[in-house]
Amino acid sequence: MPSPRLLLTFLLVLCFTLAVRLQLWYQNWAGNRASSASILNVIIGDSRRMFANHFFTKADAYFHSGFYPTIFDQAGAPKKLHMTETSGEPDEDEHDHAPAADKSGKKPVFTDLPGFMGAPSDWIEKFGRNFLPSEHVHLESGGGQREILPWLRISADLDPQRVETYTVAAYWLRTQMGKVDEAEQFLREGLRANPQSYEILFELGRVWEENRHETARAINLYELALKQWKNSQSGKKEPDDFLLAQITGHLATLEEQGGHLAKAIEYLELLKTVSPTPAAIQEQIVELRAKMK
Amino acid sequence: MNNVWAVSNVVIKELYRRKDFYVLFILTGLLTGLLWSLNFFNDDRIVRYLKELCLLMIWISALVIAVVTAARQIPAEREQRTIFPLLAKPITRGEFIVGKFFGCWLATGMALVVFYLFFWIVTATRESNVPIGSYLQAIWLHWWMLGVVVALTLLGSVIFVAPSSTITIILLAVGGILIVGRHLHHAALQLPEPSQTILSVIYFLIPHLEFFDTRDLVVHDWGTISWVVCGLATLYAVAYTTLFLLAAWMIFRRKALN
Amino acid sequence: MPHKVLVNAAGCGCALPLGIARLGADWLRAKPLAKSVLICHIRAMKDAILKIENLRVEYRSRELGQATKVAVNGLNLEVFPGEVFGFLGPNGAGKTSTMNVLLGFVPPTQGAAYLFGVDVRQPIARQRIGYLPELTYYYKFLTAEELLRFYARIFKIPRAEVAGRIDAVLKLVDLTDARKRLIRTYSKGMQQRVGLAQALINRPDLLILDEPTSGLDPIGRMQVRQIIQRLKSEGRTVFFSSHELGEVERVCDRVAILHQGELKAEGKVADIEQKYQCGLEPAFLQIIGYQEAAV
């Protein structure tokens, strides 16, 4: 029987050798979470995406001041998150957003309740609604939307590849809170994590167009966005025509303002292919052609 | 009632001489402080996330204090044999149970006041308009909810021998009721018989603790709820508390202490 | 002496038997011999301060093949005011079970027990007793003073008297210096003394002690013996269980010997010793049927 000390020494040497051998392999292993700089990535791995989604939804719940379906009310959950609506966009979700006339000065109430509340099924549920937000409201404009920002920030940290987080947060930052620098910074952070993202590029373009009023820079960004869109969406069964329309629309407007009518027409022609109102676009094209002559 | 207050006085002394409350309060304070110090897009007026997370920690801490304190009372007295010199005095088992209940409930209430005071201070640093009415309603309803929980825990402690069992079961039950309690009936309606009936019966029998959870209303500044509704919720809590204490007394009075 | 008994009885607030109430002025004029006869008569007339009638206590048995275990079987016992009564028996004889019934911890399976004529199942039966358990554990997070104040409140001792009583009992058990310290800092002997203090806080007419000298050093045992004798001289009744037959011989007026749940002997120590023609310990061993193993 070998002496215990000898055995111990042998085991120690074996462990050390294995550690040195395996370390090289582990560092090259694709599933190595420890190579990530993010502590969250290391701790919770890919389930962070699930948490990121939860916090993104939480931001929408905050947008509704807590009036939101739980996971048990999923049947009535809004298909589109309200906070993602951008200015000037047709409202695509189901709810009627015409607020009721409110003389008391309180926050506006959207009178048409969404489906998830419904009529209470018993007295317990009826009584319980007294202790929950039970009116469909949105956060007040002029800065009230700041309350959704922490959840968007956390969501972005957990899932940097979720592009929508950056664009939504940037939209509210620059339009309602006057924080243009912060919006741009956040978008650039999103761009670093998603260099091919046409959505972020488009939103950055809007920062330079609508807030900083630098047309040239905005056009550059929109063109880059368009290029990225073509790279990623062309050939897809259902390409993101909505955003293509946005990009081309903005480009056409800016080029027209800059006097580059030929380019404007080019973008309008592209817009016409995806617009729900091609006739109106065609009229604009005809007008521009007439101006060129 | 003299005996009841005497026993409750001892329970209160026990709570503030143990470390549990201070540890939880410091933990809540530290976590809230950490959250308060976070900078989101250079905006120092963002407050709702802070309110929500602070209230969540307060709820968890208060629940832990209430359940752990109540679950330990009777088993610890039996294990440490302090129950014998006490019950050898002219005190009934009913007075003993009620005294333990009031002690745990009042002690938890005191802890709640400290927690909510802290919460008020934290929110006042970010919000100029602090809705006192909402906060008072929130703490009142929260306290009554804990009363139901304490009574339920005392009932558990006379049924289960080990405090750890009682604590686990009660925390799971309370957590379950708070999260899914109000959805059980809807879930039941989608099930076939006899599951539908069983789940519906459970739904109507359990104490609906979600009646006392006004965190969403406080976080999102919905204002106060009707005081009549608040009063009805209080009566609801009184009913369930009485029921659980009565059940605990009926079981405890027949137990042989030897 | 008889007059002292009467005064003490009146001072304790005991319900006086009808005989004494009728005596009134006659009692004061009666000659000493007549008074002695009267005392015997009074004792016979007086209700037992502790009375056990056909007591049977059964527990659910943990042993296979046995549904219940009989801890006490058909016990009849009476303890009269002013006596020191020793309750003896080997381990498992049923002493603790009997005490548990007296104190209301365990309900009797059959029979009944009374304290001051009140069924032990009524909490008021415990208003005038003091109890010292064998294992003395008290709330470790309280000080001795707080503990006594708590128990004084249970006994509804008037607030004006509480401070004085606490001072008196702490002085009696020599814990005045440690009164403000938490009980968790006390030694075993100090905890035993706290136990004695809480048993005396209400100036009980009946003291029930479960192995009062268990775990004590000789000085501690002597102190307990002195306290018992002092209580006896004050006319209080002491009912205690013990294994220390030497102590029992020195302080007890009467003893009862229990074995396997049944009462085997009862009476004065001297009478038992005379009957068995030996000391209390050998008599005890004979009564319980102990036979030394052959070498």
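Going by the order they are written in, the chains are A, B and C; count residues from 1 in each one.
The rule we apply is simple: a contact is a pair of C-beta atoms (placed from the backbone, for glycine too) under 8 Å apart; a residue touches a chain by one contact, two chains touch by 3 or more.
It should be emphasised that the depicted structure is a prediction, and the values quoted were computed from it without experimental measurement.
Undergrad: Out of curiosity, which chains are bumping into both chain B and chain C?
TA: Output, common partners of chain B and chain C: nil, no chain qualifies.
Undergrad: With centres defined as the mean of C-alpha atoms, identify the chain lying farthest from chain A.
TA: The most distant chain relative to chain A turns out to be C.
Undergrad: Specify the chain with the shortest distance from its C-alpha centroid to the centroid of every protein C-alpha atom present.
TA: B
Undergrad: Cα centroid separation between chain B and chain C, in whole Å?
TA: 43
Undergrad: Can you compute the centre-to-centre distance for chain A and chain B, using the mean CA position of each chain? Integer Å is fine.
TA: Result: the chain centres lie 39 Å from each other.
Undergrad: Quick one: chain A and chain C, Cα centre-to-centre, how many Å?
TA: Chain centroid spacing, chain A to chain C, equals 81 Å.
Undergrad: Which residues of chain B touch chain A in their complex?
TA: Touch residues, chain B against chain A: 38, 40-43, 45-49, 141, 180, 182-183, 185-187, 189, 203-204, 208, 210-214, 216-217, 219-222, 225-226, 229, 232-233.
Undergrad: Considering the complex alone, what residue numbers of chain B touch chain C?
TA: 2-3, 6, 9-10, 13-14, 17-18, 80-82, 84-92, 254, 256-258
Undergrad: Can you list the residues on chain C that touch chain B in the complex?
TA: Touching chain B: residues 59, 96-97, 100, 103-107, 123-127, 129, 131, 133, 135, 137-142, 146, 150-151, 153-156, 195, 198-199, 208 of chain C.
Undergrad: List the residues on chain A that touch chain B in their complex, please.
TA: Per the stated touch rule, the residues are 62, 65-66, 70, 72-73, 121-122, 124-125, 127-128, 130-133, 143, 146-147, 149-151, 153, 169, 173, 177, 179, 182, 186.
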